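Going in written order, the chains are labelled A, B, C and D, and every chain counts its residues from 1.
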Amino acid sequence: MSFVLWIPLVGPLAVAGLSLLLRGSALRRFVGVAASSAVLVSGLLLVSAVLNGDVPESGGGMLRADALSAYMLTVVGAVGLISTWGGLSSAASSRTKDAAGYEALIALFLAAMSLAVLADSIGLMWAAVEATTIATAFLVGHHRTRRSLEAAWKYVILGSVGVAIALLGIVLIYAASVGTDTPTLSWVLLSQSTRGLDPALITAGGALAVLGFATKSGLAPMHSWLPDAHSQAPAPVSGLMSGVLLSVALYAILRIQSITNLVIGPEFLRTMLSIGGLLSLLVAASLLIRQRDYKRMLAYSSIEHMGLMAIGVAIGPAALPSVLLYILGHGLIKATLFVISGRILKVEGTPVISDVRALLVRRPGLAVPWLIAMAAIVGFPPFSIFFSEVGIIMAGWSVGLGGVVGAALVLLLVIFAAFTRLTVQMTIGAPADGAAFTPDYSTHGPRLPIILALATTASIAFVAEPVGTLLLQATAVLGGTN
Amino acid sequence: MNAASSAIVIALVQVVLFVFLAPLLMGVIRQVRATIEGRAGSGIWQPWRDLRKLLAKNPVRGIDSSWMLRVGPVALVVSSLLLCVLLPLVGTIPFALIPSDLFVIVSVMLIGVVALALVGLDGGTAFGGMGSSRHMTVAALVEPTLLLSVYAFSIPAGTSTLSVIVETRLLSPELIISPVSVLALVALSIAIMAETARLPIDNPGTHLEVTMLHEAMTLEASGRDLAWLEVGSWLKLAALLGLVSNLVVPWGVVTDFSALGLAIGIVSIAVKVLVLGVLLSVGEIFLAKVRLFQVPELLAGSFALAFLAVTASYLVA
Amino acid sequence: MTGIGAGLLLQLGLGALAVVTALVAAPSLRSRAGGILSTLIAVTGFVTGLAALLGATGGLLIPIALPMDPLLLAPDRLGGLFMLIVSGVGILVSLYSMSSTRGPDASRTAWVAMPVFLVGMQLVPAATDSVSFLLAWEIMTLGSTVLLLADHASRATVASAGIWYSAMSQLSFFFILAGFAVLAAVSGGTSFANLQAIEPGSWAANVAFVLFLLGFGGKAELVPLHVWVPRVLPEAPSHVSAAMSGAMVKIGVYGGLLVCVRLLPDGPVWWGIAIMLVGGASALYGILQASVSSDLKVLLAYSTTENMGLVFLGLGASMLLRGYDATAAADAALVAALLLAVSHAAFKSTLFLGAGAVIHATGERNLDRLGGLGVRMPVTAAAFGVASLGAAAIPVTSGFVAEWMLLQSLIHGGRLDGAVVSVAASVAMPLAVAVIALTAGLALLTFVKAYGIAFLARPRSTAAANAREVPALMRISLALGALAVLALGLLPGPVAALVATTVSPDPTAAVQSVGLGGVSLPGIGAVLDPIMLVVLSALVAIPVLVAIIVSARRHPHRTVDLPWGGGGSRARPRMQYTATSYAEPLVRVFDDVLKPSRDVQVTHVAESRYLVERVRVEQSLSDVIETRLYRPVLNLFQRYGLVVRHVANGSIHRYLSYSFVALLIVLIVVSL
Amino acid sequence: MFETFYPQLIGLCTGALLLTSALMVWRHSLLASIRLLALQGVALAALVAVIGIAEGESELVLVSLLILSVKGVGLPWVLAHQSKASIKQIQESPRLNPTAALLAVTLLTILSYVVVSRVFGLGDSETGHAAPIGLAMVLIGFLLLISRRRARSQLIGFLLLDNGIATIAFLTSGGVPILLEFAVSLDVLLVVLILHVFAGRMRTKFGGTAVDQLRELHD
């Protein structure tokens, strides 16, 4: 089974190389889809292995797939598939000279994220996360406009600085392990409870690592790069970044947390993540009230959801299954939304909310999936985000974070109201001028990925077997007993 | 004679008696007023003569009026007749399944109120609507007073059944002059004045558009329609005066059925109602109609009295 | 699988089928097919609910991927009762919608949402754990929101109604979620069986109670969370308004009962007082706004607030009385509240359907432009009339019986065995009676106005003059609704006895059926037999009718062109009293509460300023709670939203400073 | 012999690191900053070599060569890869005046000492004693990022920050595993290259590299 671990790393790289060779071929469009399919398939294979009680390892223990890693890999693959497949049209439209590089970078991006979730060493995980920045830098700046250049600069500077802080934290964690008999960065070894790591170093290291990775997962106050990058990147890239890159960083936080919990208990990071989560919700709520740009609106929505997930992580094992399900639900839906937003941008030619009106009447083909995905993202059932939110809120009170969860609910309400208002502005109503128009039923791109994403999110929460088991196993990996 | 059949007999007697008594009461009230004002008056039988005249005329109906103009007056009469059946006037022997329950009686009365208001609207004129609107406003505002004042009476008796309340007062007369009872009685009287469109809320003798309430609604009715409206209103006034008189002077009502008792009951209620009618008429001489928009103040005052009566009877007793 | 489980599963299956049908059916067939399937869903729910109400047990397990208590749908008797209410309304609405929906109301979206809404409402009372409760709750909200927006392209107000509704629904949802979370945190599980183990007086129970009151109060349209009502119910298609007001609002009531009767029984006395206060305030405020409204559907919407206020008043009184061991009165108050909910479902859905028929026939919902519809739409007029009587609590309708029972329990609640129960009760009970009395009085005015102005007199617009009776299916469902109002009013005994089994451990001690369907409250000693009342009325009516027949034979009536109109010969329809003028005295009386804004413009004749050419008076009424409570808060948020943009002003230095400050803070905290 | 000089050598290297950092804040010329950065790279390499010799780990000596080539030569070369004439004229006009900046440097250094003393307990070893220098470099690097307007100046701040982390790594634990060190170096190199490319694009699009101009994206 262990060869499967290499597929998500080698596969995308191979197709990336192929895409550089296939300059000008029509097949090149499908590089991203092929790469994400490779990731998804290997993820599913690893999931089935994990469910059979196996923990595949490879590369001398450098790569390792337990339940959590396998799950995350599957999420990366699934969201990648939705983003790249759904974004096929927009990628094809930009036939500039670096279109080949675009596809190759997407594949590289996927490989980096796969490495981040499969790496056993925290250091390697860090390097992979940094590699995502490198891979996406040119993707964010893909359009080569002033704005996209600005977004890319901010993204790289803020992202690298943040991840550098995480490196500092990892260095300190390593320093702590140097104090014991075997210095290591393997998180499997670090999270063996009997190592006697120095609590002060682990506190400092854990705090800095979490702060650093919080940058990549879009938690306030380290979030500032996110709205700019998400709004300027091509839609599939925004979908990938928002859908999984943030979650991969959250995965890193989860791993760090499982180490610190053993040494210093959960309280310290719980406080930190609660504050970060609430701040994120506050930032999202504040800036959504008078938001003008629908791609930025989606970006702030990602900050909001990452904030709630951070609160879930703060709560601990009781909320972790919900958080993990959340990662999948949010990833798929957010990717869908970004894909549709890309199509709206293409046909409407403006990212300004008040310039896009009566979309439901004028372009039902885009507005209907947009509205359904919006309902899903704000947490309506049967979509799985509903269950995740309910699970996190319920668990919050039981570990004594009632105040945090209560405050989160207040902010969520503001966000919901603002979100509804903006969505209604965009979609509902009649065209202002009353001019004649013909309803446009076209979806302006492949509709199957959107349907798949929505259907999966709508049904996944009701699949007790094997999803429930997998989530429980993944939680157990992190030291949860739930 | 068992309870059920005696209840039926008393109900029958009450209905017949009050159908006879109500026009007479109106006649007396008008005549007393005329006499005091120094007019000759038309005699106490004039209402009867009016009725006979109205029933013998061809009713005139507007082209847009609906069945409401025909059904409404009948509903008013029936509701007033039901009041005569249910209230403890001649005797206090109620029907087992439909006792003279306070809330039922108020609701029955409201059927008449609604019927009258709808008749007023059905004509499709400004006057009818105006009367209807004012009538309903007063009816809405008077209801709290009405319910609370009788609620106050019900507390010593432990039930909202009016016949039991009257019996309780008969057995322990000290209740009648208790401060609680006096408060409640004043409140109830004001409520009844409002419900029956008497001074100072409405002037029954006017057809001046700015002041009239009740009359405005009947403007479009004629012939037998008008007759039923008049009879219904008279019956209501008579029955409610009968109730007040029995609450103040409960002696004479039939509690155990007997022929002699029934006779005494008939005579006593007739006397009580007519005496009260005279008092009402004399009282109205000294009253002027208040402005429509001062009526709420009056009703609020009466509501306060009734509320005081209820809480006092809980907390003092 | 048991019968109940099969019923629920069948509902879900039919719901899915209806969704698919709506997606694929041709537009011409969509309403027919959707209506039939919706009716089937409602009928299935009706049967299932009835079985549960009669004591059948069983349920349906929903699989879930998260580690939680099992998601079990298994209605108890109370749940069965509410399933019955909801599905009863559902049947009426589905039948009606088959021929009422046209244009955007019959769109694919609307017909997808309809079964979702119906099924969601059915499942809420069936839930036996908080997560499935919330799940069904949100499905219901989602379905109703989509239905509300069906007509978004033709009226701009629909969008704002949609925003208000979504936000207020989410507010309710969050309150309820928080309430369940608090309880689950203490009890360690999410199933109702676990939650019941909470100690009633505990801190958590008190917090949860307040949260639930706010949450369910919002759904039940209680003041001050009612602000969505006057926007949403009028803007939704009428059959949806009927379902919302008749059924969905009852789910809020169910929530209240679930908390106060099932989960946290024997709460402290202040719970009862709090509920009574909220209920009483809602009743008065709702009916006051209804009485001065000139828009038929706004009037009905506010009247819903009033009725739900009375239901909660009864619930609160029952809790208060139970706290003082006045069990008989407490039971009666609770049964009265339930009866009121049942009867409200019947009459309010009929009223909304009637309003829909009026709109269908005239395109108008402004009472000031209606009139004379009684002769043009006799069936609608009759059904609307009967339902109006129910809403005004006039005998012998269902509303009357419920209000009677409520009043009985209140006036007998102040004393127990001749002794004063408590000071609180002896102040609360008379106040409650006064509130109910004033409410009933104003309700009377409101519905006399609504019926009288719309259906009597002369048409005030050509649309009203040209109105024709609505199609057969709409008439049938209107007639069914009116029949339900009458049946519930004529046979309250069996209904009340059945209802009592859902909340009282010893139902026969609380309520019994006597005589011909009459109801008796043994613990209080009150009895009422509406059929006897009908019989007595018939008996006294006989001589009157004989007199009429005799008189009519001798003196047939004469019809003239115009009403007499006080002598004026040019009494045109414009000169009639309108709904606005009808409520004018009331607006003056309650000036301080309603705060109307008046604008009088006097145009003088050019030659002399002592002569007036014309006077123009404008008066507008707005919801005081919205303008005084919500508006300032919303404006504050808008201003904040503008100011806070500076946080993300685009400066990378500022963004880096955020990170730097965070790093410094973390370093300092770590080294403390 | 080496043991006696060891503490002095460590002190010398770390002192050079701190000095170069402070000078970078003080000096506004881009060229001077790049030279200081090269100097710092050399100092860092020397520090690693000293530690390597002291601990007797040949691996670390290898790492020191890597650092010398990347941080001492490679990156400064990349940054200065422009005609010397133009780069000489580039003068930074910082957002923070020099006095305040140097005061901030002092405060940040003190904070570093406090933090490290709490976290590491300022242990017995000379390396542990010098560790606060590394943290101070990180914070000073951050300060540069915040206070510099030009794209390249920001880049230098970032590199300073990175040097600080490396310093801490070597002083506290003798460096992270070699494979990771390679990965980290590669990542940093790539990031710098990317930023360099962006800076080039910025010059063509905006006609300058002032980061202040990047204000189009905001709420």
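In the analysis below, contacts are C-beta pairs under 8 Å (C-beta built on N, C-alpha and C of every residue); 3 or more make two chains touch, one makes a residue touch a chain.
The model shown is predicted, which means the values in this text are computed figures rather than measured ones.
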* So which chain is the furthest away from subunit B, centre to centre on CA atoms? -> D
* Structure fact -> Using C-alpha atoms only, the most centrally placed chain is C
* Asked: What chain pair shows the greatest number of contacts?
  -> B-C
* Between subunit B and subunit D, centroid-to-centroid distance (C-alpha), Å -> 100
* Please report how many Å separate the Cα centroid of subunit A from that of subunit C, as a whole number. => 43
* Structure fact -> CA centroids of subunit A and subunit B: separation to the nearest Å works out as 77
* Whole-Å separation of chain centres (CA-atom averages), subunit B against subunit C -> 35
* Structure fact -> Shared-interface residues of subunit A (touching two or more other chains) are 153-154, 157, 161, 203-204, 227-228, 287, 290
* Structure fact -> Expected list for subunit C, residues touching two or more other chains, is 645, 647-648, 650, 652, 656, 659, 663, 667, 670-671
* To do: Mark out which residues of subunit B touch at least two other chains, giving numbers and ranges.
  => none
* Sort out which chains touch which and give me every pair. => A-C, A-D, B-C, C-D
* What does subunit C use to touch subunit A in their complex? -> 62-68, 109, 130-131, 134-135, 138-139, 141-142, 149, 152-154, 156, 158-159, 162-163, 166-167, 170-171, 174, 177-178, 180-182, 184-185, 188, 190, 637-638, 640-642, 644-645, 647-648, 650, 652, 654-656, 658-659, 661-663, 666-667, 669-671
* Would you pull the subunit A residues touching subunit C in the complex into a rising list? => 153-154, 157-158, 161-162, 165, 203-204, 207-208, 211, 215, 220-222, 224-225, 227-228, 272, 283, 286-287, 289-290, 321-322, 325, 358, 360-361, 368, 375, 379-382, 384, 386-388, 390-391, 393-394, 396-398, 402, 405-406, 409, 412-414, 416-418, 420-421, 424-425, 428-430, 460-465, 467-468, 471-472, 482
* Structure fact -> In the complex, the residues of subunit C that touch subunit D are 645, 647-653, 656-657, 659-660, 663-664, 667-668, 670-672
* Can you name the residues of subunit B that touch subunit C in the complex? -> 11, 15, 55-68, 74, 77-78, 81-82, 85-86, 95-99, 101, 103-104, 107-108, 110-111, 113-114, 117-118, 121-130, 132-134, 136-137, 139-144, 146-148, 151, 154-155, 158-161, 209, 219-220, 223-224, 228, 292-293, 296, 303, 307, 310-311, 314-315
* Residues of subunit A defined as touching subunit D within the complex -> 121, 123-124, 126-127, 130-131, 133-134, 137-138, 141, 144, 146-147, 149-154, 156-157, 160-161, 164, 167-168, 170-172, 174-175, 178, 183, 185, 200-201, 203-204, 227-228, 231-232, 287, 290-292, 296
